[in-house]
Amino acid sequence: MTTAINHGGLRLAGNKQRSTLKPSRLIAAPAQAVLPLDQHAGAPASPRVKVGDRVLRGQLIGQAEGEISASLHSSIAGRVRAIETRPVPYHRGSPSLCIVIDNDGSDSEVTGSLVDYRSLDPRALCEHIEAGGIVGLGGATFPTAPKLRRGQQAPDIQLILNGAECEPWISCDDMLMREQAQDILQGAVILCHALQAKRCTVVIEDDKPDAERAMRGALTKLNDERVAILSVPTIYPAGGENQVITAVTGMEVPSTGLPSDIGVLCLNVGTAAAIARWLDRGEPLIRRMVTVTGSGVNEAGNLDVWLGTSISDLIGESGGYAGSLARLLMGGSMMGLALPTDDLPVVKASNCLVAALPADLHPRGVEMPCIRCGNCSEACPALLLPQQLHWFAGSQDLGALEAHGLMDCIECGCCDYVCPSQIPLAQRFRDAKPALIERLTAREQAFLARERYESRDARIERIEAERQAKLAEKRKSMTARG
Amino acid sequence: MTPPTSPAPHVIAPNSVRRVMPIVIVALVPAIVMHVVFFGIGLAVQLVLGITISLVAEAIALKLRHKPLLPFLTDGSAIITGVLLAMCLPPLAPWWLVVSGSAFAVLLAKHLYGGLGANPFNPAMVGYAVLLVSFPAQLTQWLPPQLADLHIVRPGVGDSLYTIFAGHLPAHLAWDAITSPTPLDSLRTSLAMGQTMQEAQANPMFGALGGRGWDWINLSLLGGGVWLLALRIIRWHIPVAMLAALAMPAAVMNAVDPGAYAGALFHLTAGASMLGAFFIATDPVSAATSNRGKLIYGAGIGAITYVIRTWGGYPDGVAFAVLIMNAAVPLIDRYTVPRIYGHAR
Amino acid sequence: MLIAILVMSAMGTVLAAALAGLQSSASRRERLLTERINQALPQTQCGRCTFTGCKPYAAAIARGEADINQCPPGGDATAQVLADMLGRQPKPVDPHFGIVRKQSRVAYIDEPACIGCTKCIQACPVDAIVGASKFMHTVIAAQCTGCELCVAPCPVDCIEMREIGDVQTPWRVLAS
C-alpha cells in the first residue's frame, strides 16, 4: 500500500464517528446572508450589485478581479441590505467588505446554463468554471480557474482528487463521497477534459470504508478507465497536498515550484462535485458541506449549508450548545482557527466547525525551554528540523531560517503536538514567515533589476556596435568611391 | 457565545519534560543497586548529597535569574545532573567533592550559559572534569569490589559515613589498606610496568568480561539503556555509534597485539562506557541535532575515549571525550542538515 | 629526533603541494568572489559607490581596490554581509558616499511638466521609465530602484523622489 507519509506524521484519534452516524441534511435558507467579497485566495471580487437591489439565488453579485480571483454569487433570494465591512472568520479579526442580503422569502433562483463539458474546448471550459465562482473547497480556497490554466500549460498532466481528509474532527469530504460520489466522479471527468489529462487518481484514507465503497461503486458505474481510487494509511497529515502527490506519483513537489511543474494538479473532491453541480445543474458555488461537531453541540452531523449563513444558526440547527465552549474551531483540531464569536458567516473555506469542550482538546501546558530532544524533527512530514527553526526564529536569523527551510513548513502542527516543552512551534513559524517572505521578495526584485540592467547594457552595446558597423561600411564605400 | 481563542494546533500530546526524567532515573536504579552491593553504601550518600546540592544550586540560579521556581525545579534535569556526577565519583569521596562538583555543574555549566536547553557542554561532565583536574588524589581513591574471594578491608556503614562527612578516614583505617584502583587504572599501571595484558588480567579483580563488580554495573546500565531505547526516550544513534567506535579500535588493536591492548568486551564493560553511551552522551541539549550528526557525534566520543584510555593521560576518557565532542557539535550541525522535502537529493 | 623532523617536513610538503594543486587559479577565484559579492549587493545601479554599477563595485572589492562600506542603498546590513563574507571587521556605511535611508524612495514624474525629452529614460540603469520622444514619460514604481540617476538630467526638474507608502516594492528591506 502506498503511503503518503514517508517520514514523521502522527496517528491521531479521528473523532469523526459521531458526525457521520446520520446522512447529511440541507438546512433552510438563512434570514440573512453575509457574503464576504474576499473569501478566496487572491484579489477580492468587486461588487456588481448596489444597496437596495433585488437579487435571486445563484445570481452573480461579485466579479473576479485580476488573474487570481473568483466570482461570488448570492446564496439566497432577497434584497441587498448593505455592502459594508463585517467581521469574518479569517484574517485573524480584521473585517472584510461583505454583501449583506436579507431573505425576502421568495426562494426564486436563477440558474446558469446547463453545459455539456464536451462541447467546450479546455480554455472555454476554464472560463465557464470561473464564472461559477468555483474555488478549492479543501480549505485554502484557491480559485480553481487560474489553477487549471496553469495546469493546462503543462504538457502531460495528471489529476489527483484529494479525499484524504486527514485532520481530526472533519468529515465533510467523507460524507460527500458517501452521498455524492457520482457528482465527484463527474467533476473528475470534466476536469480531465479541461486539463486533457489521461489519468485521475482519487485518494482516500483507509479510515473511510463507507466512502471508499461508495466511490468504488460509482466508479464501476462510470466505467472510465482514466479514473482510479487509491487508499492510503490514516496518518496525519496524509491529506496535505505535497503528501498526497508523493503518495500517488512517488515524486516530491519541488520546494521552489508548483505541482504542475512535475505534471500533477491536485484538487479537493468537494471542488470536483461543485464543478459537476455547476455544469450539469447550473448551480454556482453557493453552498457547501459543513461538519458541525464537538462535544459542545448536542447533535453532531454534516450539514449542507448555504454560504453566508451565520455559524450560530448552524449551532442552532445542531441542537444548540451542550456546555460552555473551550474553543470554537473552524477547521480541525490541528490547523483550525479558533473563532472569537459564533456571529460569523459560513464562507467557502468553512469545512468544519468544532464546538469543543475542555475534554475534546488537550491544550498546551506552561512553555519551557527547548531541550533539543528531537521529537519534532522525528514527527515533521516535511523533513525539517523544527528545533533549529525555533532557535533561529528566536534570534530572527533570516538567513539560517531560509537555509533550514522555513518556507517548506506546511504548518501542520505535528512538531507542536509532540513537543515535551509545550512550545507553540507552529505559531512561531507562522510569525517568522512574513519577515522571510519580505526578504525573499526583495532578493527576487534585486535579481530582476540586475537582469534589466544587464540587458540594457547589452542593448546599448549592441546599438553602439551596429552604429560602428554602419560607420565602417560608410567609410569603406566612400573610400571605394573616391 | 464568545469562547477564548489560541493559535493552532489545539491538541498537544500529553507529554512533558517532567515525564522523561523520572524514567531515566528508574533506568539507573539497577546500576545503583549493583554499585551499592559491590562497593558499599558510599554511592547512596553521594547520590543524596548530589541531588540535594543540584536542586539547591538550581533554585539559587533561578532566583538570581528571576525565573519561576516550580516548573524548572520539577523538570528533573538538575536531579539527573546530580545523579550522574555522583555515579562518577569514588564512593567514599569527601562530601565537599560532590557538593562543589554539583554546584559548579549547575551554576556555571548550565545556568551561566542560559539554563535549561542552552548549555553547550554536558553539565555533569563539566563538573566531573573540574573535580578531576582540581583534586586528582581524591578521585583515585576507589574501593575494590565486595567479593567472597577477595580479602579486603571493607569499611562499615558507620565508617563510610564518617569518611564522607569528615573528609578523611577514621583513625583505625588507612587509605592504602582499603583502596584499590579501578580495572582501567590497574590495567594501565600494569602495562606501564611492562606486564602483558594476560598478566595484568590475572589479577583476581578481573573477571571474564572486565573488572568484576564493574561488569555487573555496566551490564545493568546496558539493560537500563535498552529499556530507554524501547520506550523511545532516547534514540539509538548515539549509543550505537559510541559503543561501536569504542569497540572497533579496541578489537583491531587487540588483534594486532593482544599482549598490549585490551579487547572490545573489556572496554565496553569498563569504566563509564555504558553510563556514557546511554545516559551521558544522549543528553539532548549538548548533542548533535540530526540523526546523521548524532552518529558522527557518538562515534567521535567512542573513538576519543579509546584514544585517551589507551594513549592518553587518564584512565577513563569518557568525560573528556564528551566535552570535546560537545565543542564540535555546532560544526557537526552545520554540515549535517538533513535534506528537506522538495529539495534536490 | 631527526627522523621525526624529516617525516613531519615531508608530510607538510606533500600536503601543501596537494592543497596548492587543488586550488583554482587566482583569476577564477576572483571571478567567483566578484559574483558572490555582487549577489549581496542591492542592484540599485546608482553609482554612489563611485563605480558605474553594482558589478564593477563588486569587482573592485574583490580586487581589494574598494572598501565594503561604500553602498548606501545596501545600508549597514549589506556592509555586515560583506564583512562576514570577506572575514573583515564590519563597519557602517561611510556617509561620504551617501545617506542610508530608513525608507526607500522611488522616482515620480510630474506629468503635466514633462516635455518628453527622454533624457531620464536614457539615464535609468534598469529601464524603469516608460516613454518615447515627445510622448509622456512615467516611472514604473515597482521597478524603480531609487538610484536617483534620473533626477539630475531632467531639464525641467519634473522628477522628484517620493517615500514608498502604498507602493508595493520591497527595496526598503535591504536598506533597513
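Read from first to last, the chains carry the letters A, B and C; within each, the first residue is number 1.
Here, a residue touches a chain if its C-beta (ideal position, glycine included) is under 8 Å from a C-beta of that chain, and two chains touch if they have at least 3 such contacts.
Keep in mind that what you see is a predicted model, and the values were worked out from it rather than measured.
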Per the definition at the top, count C-beta pairs in contact and tell me whether A-C or A-B has more.
A-B
Taking the mean of each chain's Cα atoms, which chain ends up nearest the overall Cα mean?
A
Subunit B and subunit C, separation of their C-alpha mean positions in angstrom
54
Centre to centre, by mean C-alpha position, how many angstrom separate subunit A and subunit C?
40
Separation of the C-alpha centres, subunit A versus subunit B, in whole Å, is 52
Subunit C partner contacts - residues on subunit A that touch it in the complex
438-439, 441-442, 445-450, 452-453, 455-457
For the complex, which residues does subunit A have touching subunit B?
12, 168, 242, 252-255, 257, 312, 315, 321, 325-329, 331, 333-342, 356, 361-366, 368-375, 377, 381-385, 387-388, 403-405, 408, 411, 413, 416-422, 424, 426-427, 430
Using the touch definition from the top, list the residues of subunit C that touch subunit A in their complex.
38, 41-45, 53-54, 125-128, 143, 145, 169-171, 173-174
Within the complex, subunit A is touched by subunit B residues 1-17, 19-20, 71-72, 75, 77, 115-118, 235, 284-285, 287, 289-290, 333, 337-343
